[in-house]
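See structure below.
Chain IDs A, B, C and D follow the sequence of writing; residue 1 opens each chain.
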Amino acid sequence: MELHVQDVITWMNKTNERLQSNKEYLTSLDQAVGDGDHGINMARGFNEVVQKIDGADYETVSDALKDVAMTLMSKVGGAAGPLYGTAFLKLSTSLKGKDSVDQESFKSGLEEALAGMKQRGKSDEGEKTLVDVWSPVIETFTNSFNPEDLVQTAQTAMEKTKDMKATKGRASYLGDRSIGHLDPGSVSSFYLFESLAETVKGGE
Amino acid sequence: MELHVQDVITWMNKTNERLQSNKEYLTSLDQAVGDGDHGINMARGFNEVVQKIDGADYETVSDALKDVAMTLMSKVGGAAGPLYGTAFLKLSTSLKGKDSVDQESFKSGLEEALAGMKQRGKSDEGEKTLVDVWSPVIETFTNSFNPEDLVQTAQTAMEKTKDMKATKGRASYLGDRSIGHLDPGSVSSFYLFESLAETVKGGE
Amino acid sequence: MKKIVNDPESVVQDMLDGLISAHPDSLQLLPETTVVVRKDAPITNKVSIVSGGGSGHEPAHAGYIGDGMLDAAVCGEMFTSPTPDQVFESIKAVDGGAGVFLVIKNYTGDVMNFEMAAELAEAEGIQVEKVIVNDDVAVEDSSFTTGRRGIAGTIFVHKIAGAKAAAGGSIEEVKSVAEKVVANVRSMGMALTPCTVPAAGKPSFTLEENEMEIGTGIHGEPGIERKPIASASAIAEELTDKILEDIKFNSGDDVAVMINGMGATPEMELYILNKKVNQMLTDRGLTIHKTFVGDYMTSLEMAGCSITLLKLDDELKTLLDAESSAPAFRI
Amino acid sequence: MKKIVNDPESVVQDMLDGLISAHPDSLQLLPETTVVVRKDAPITNKVSIVSGGGSGHEPAHAGYIGDGMLDAAVCGEMFTSPTPDQVFESIKAVDGGAGVFLVIKNYTGDVMNFEMAAELAEAEGIQVEKVIVNDDVAVEDSSFTTGRRGIAGTIFVHKIAGAKAAAGGSIEEVKSVAEKVVANVRSMGMALTPCTVPAAGKPSFTLEENEMEIGTGIHGEPGIERKPIASASAIAEELTDKILEDIKFNSGDDVAVMINGMGATPEMELYILNKKVNQMLTDRGLTIHKTFVGDYMTSLEMAGCSITLLKLDDELKTLLDAESSAPAFRI
């Protein structure tokens, strides 16, 4: 796997498309366990990301990812905004200076991203948040990386949040009643990684 | 026809029964052309009238009617309260001192009642108000008075308000759209006269 | 009917008990009545201002009791004008020797009941004057009808008459400035949903999911037109235009604006309306002296709004800006 | 969805434009933001108070800007915590050299976004302190959860921190008194109907015609129990009892009461609730220092209420009673 600036742009475009067409679905997931804005917020944020980076000129992947981070930070809001913002900022910082990115450096970037999110959200695996998607996904960026694996892992992880009890975020107010509902943030993270897989596949 | 104190009490009891059982009907008539409180107000007022006069001792018909007037005045409110209150007060004043009441003196009492209502309401016949029931009803208190006539006249007059255009009271805001609806106050006045007819008949 | 009530027949009494216990230092309920009176009444030599009407329009009218505004509010049953004896009690309780001024909304019942109370008071030697507020341009004003209704513009009459009385105005002066407000204030409302009188148990009318009604009264009286819900700007425009057809404003005139919620409309929507109204008036060269946005004259849980414009001269401006301690209209 | 709006995507911006045009002398909108700031900011040497959160809770939070209360309100998208850059802009705009105090409601998003802004401000040498309000006893407070939510009790924090700052308190003193309020304030809410975020277009949940929900959050978060609608007195009792289980009051204690409407509840119903709450507290021997009844922290057009109790000592009483010019909390 190798990621270039153009791949980042494609990745963001694909993510944005998925978020726009699943905006209502994400919103209804968030209505069940939260406040019903996750779809609206993510769709607004990634639309802005695409406006910002599509067609722009970046020297490095890190530069492109930094603009993604700043845009998410300032346009999403809610819990998802600072979390996704932090993730992309850490990823960008970790990849600083690199013209292109292989799975190894991408993996350590994702690890820093995850650590950043956990710190920002004071959260850990098993709390029914997007952390539960990011954490297993990172493990797929091995030497034997393949996009189908990534999608499969992300999807399984996302589906697993259904049976979890939320202890972080707005869904935690529901206690046991959060069980049986998908975590909205995990679903949006699934779209993100599904788009990444598609991007990488298309580029191979 | 001759009216005694006990007849006034019976009359009020019968009116109250009709108002209680038609409370929702009157309210829905008033919802169509007004503010939907006529049934509630009349039911509350006549319930209080009965509480007040049933079982009480009165020297004269006039005394009993005065208590009816004061109770309606202070318990009905809205437009109907002062109108019915004024009517009974004028009727009481006009019959002052009389132990019992024949159709002639009752008729002149009703005439003063009607004049009082018209003055208070700045209204006249043909404006789709209870005046349109009281006015023809008065004419039935002749030497050949009979209760069936009274009921028939009151009912016809009440039904005629349906085709009128309101120019007084809340229904007047509707202009032409008031046509096709019964006037709530005319319906409550019909109950009043129907109860009077029944009282007089029972007493004969 | 989804309501937080106990017995539907006792909502007015329960509300008033709750009101007095929230404002024990400034308000009192006259014993055995539904008359709310300022605690320090009567105020010697001040003209007293009394208003009232059916309940269900909260904060009207008891919320407007305070220094510089009302001395008493007579609270009728739900949407039902209060009775003459209650109004009479309020007049006796507030008269401080300088006379009592009645602010009456133009409804047949209100006018009759307040006038009868005035007759009772005059018979006891209390000087009573009155003004009848008829600001609702949704209703035709002709000598063949009962004329326009009184709606949210009434609050401006309370405020300005109250300020005149607080400033030591005589009852004639209070009456004259109140009449000036009435001559210069116009309103128009609309509804998205009806409301339900607790004792009636069902809504006063129905509107389809995509329908609104223009010109609805504050007791759910039918309006002048039903049509599909329009944008906030279109609604603001329709109501404001109708007002501006009725009363002439010239470029440079001063105006006070009230964007009133009918009860269930979020403040957010009222501010969205205000954006447009403000633009329209500014575009006409008017100077917006003050804007009031909130629930001032409601209709229970009706969703909807009314817009009120008051043309101001220097006297009205000074009186509108004067201090008021009324909880629902602190200035 | 029956709403008076233009574009559902621009409701927040439209509302803020309408708000500023209603209060042109006291409020300003920072260019290209949704941050509302008092017009005379920054005030040299006064600790500035900033609050905010998602929109849809009006008059929270911009209605609480004024002398003796907030200096700025950061208005997020509908029910969505504002972003760090917006909060940061507000901090820079109000800092008068004595530091900026953030009042944050305890939601993951709010806490993260405000904390990130605080980090940005500190990096620029602005002293920032904060308090996190968590008054909602409907939610369990344990170290394994995100803890109780912040709801209407937040207004008391605004008021008292604002009064302390206006009185010349240092940022440490403001923080300490704000923490005292948080330790002594508890709330609990309920809903009769859901509300609809304009851009979502459908209600956040549904309730049957005869159902109510106890413990609903101000963003439509599910509560703790659904059951048939009870009487006003039973509702008042259930909410108040839950609060009194959570915080101990002794006979003779002073308390401030807030009966808050969620947006579509008529004031009449709030006063009916207050009657019962007042009786319950008086029966326990508590002294009700002040009662606030109205829409203070809403949830768009949700029907329902919340009850808030604040235990007062002499310091809190003085600060609560101090003057405030905020339009939604004039004292």
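For the reader, a short list of remarks on this structure follows.
Just so we're on the same page, a residue touches a chain if its C-beta (ideal position, glycine included) is under 8 Å from a C-beta of that chain, and two chains touch if they have at least 3 such contacts.
Treat the numbers as computed from the prediction; the structure is a model and nothing was measured.
Annotation of chain A and chain C: jointly contacted by D, touch as defined at the top. Chain C has its Cα centroid 32 Å from the Cα centroid of chain B.
Once the centre of each chain is set as its mean CA position, chain C and chain D turn out to be 29 Å apart. Chain A and chain B have Cα centroids separated by 76 Å.
Pairs of chains in mutual contact: A-D, B-C, C-D.
Note for the complex: chain C touches chain B at residues 54, 76-86, 107-109, 112-113, 116, 138-140, 144-146, 149, 197, 199-200, 204-205, 217, 219-222.
Residue ranges on chain D touching chain C, taken from their complex, read 2-6, 11, 14-19, 21-23, 55-56, 58-59, 63, 192-193, 209, 212, 229, 231-233, 235, 259, 263-276, 278-279, 288, 291-293, 295, 298, 300-301, 303, 305, 330. Partner chain C is touched in their complex by these residues of chain B: 27, 31, 33-37, 40-41, 44, 73-83, 120-121, 167-170, 172-175, 177.
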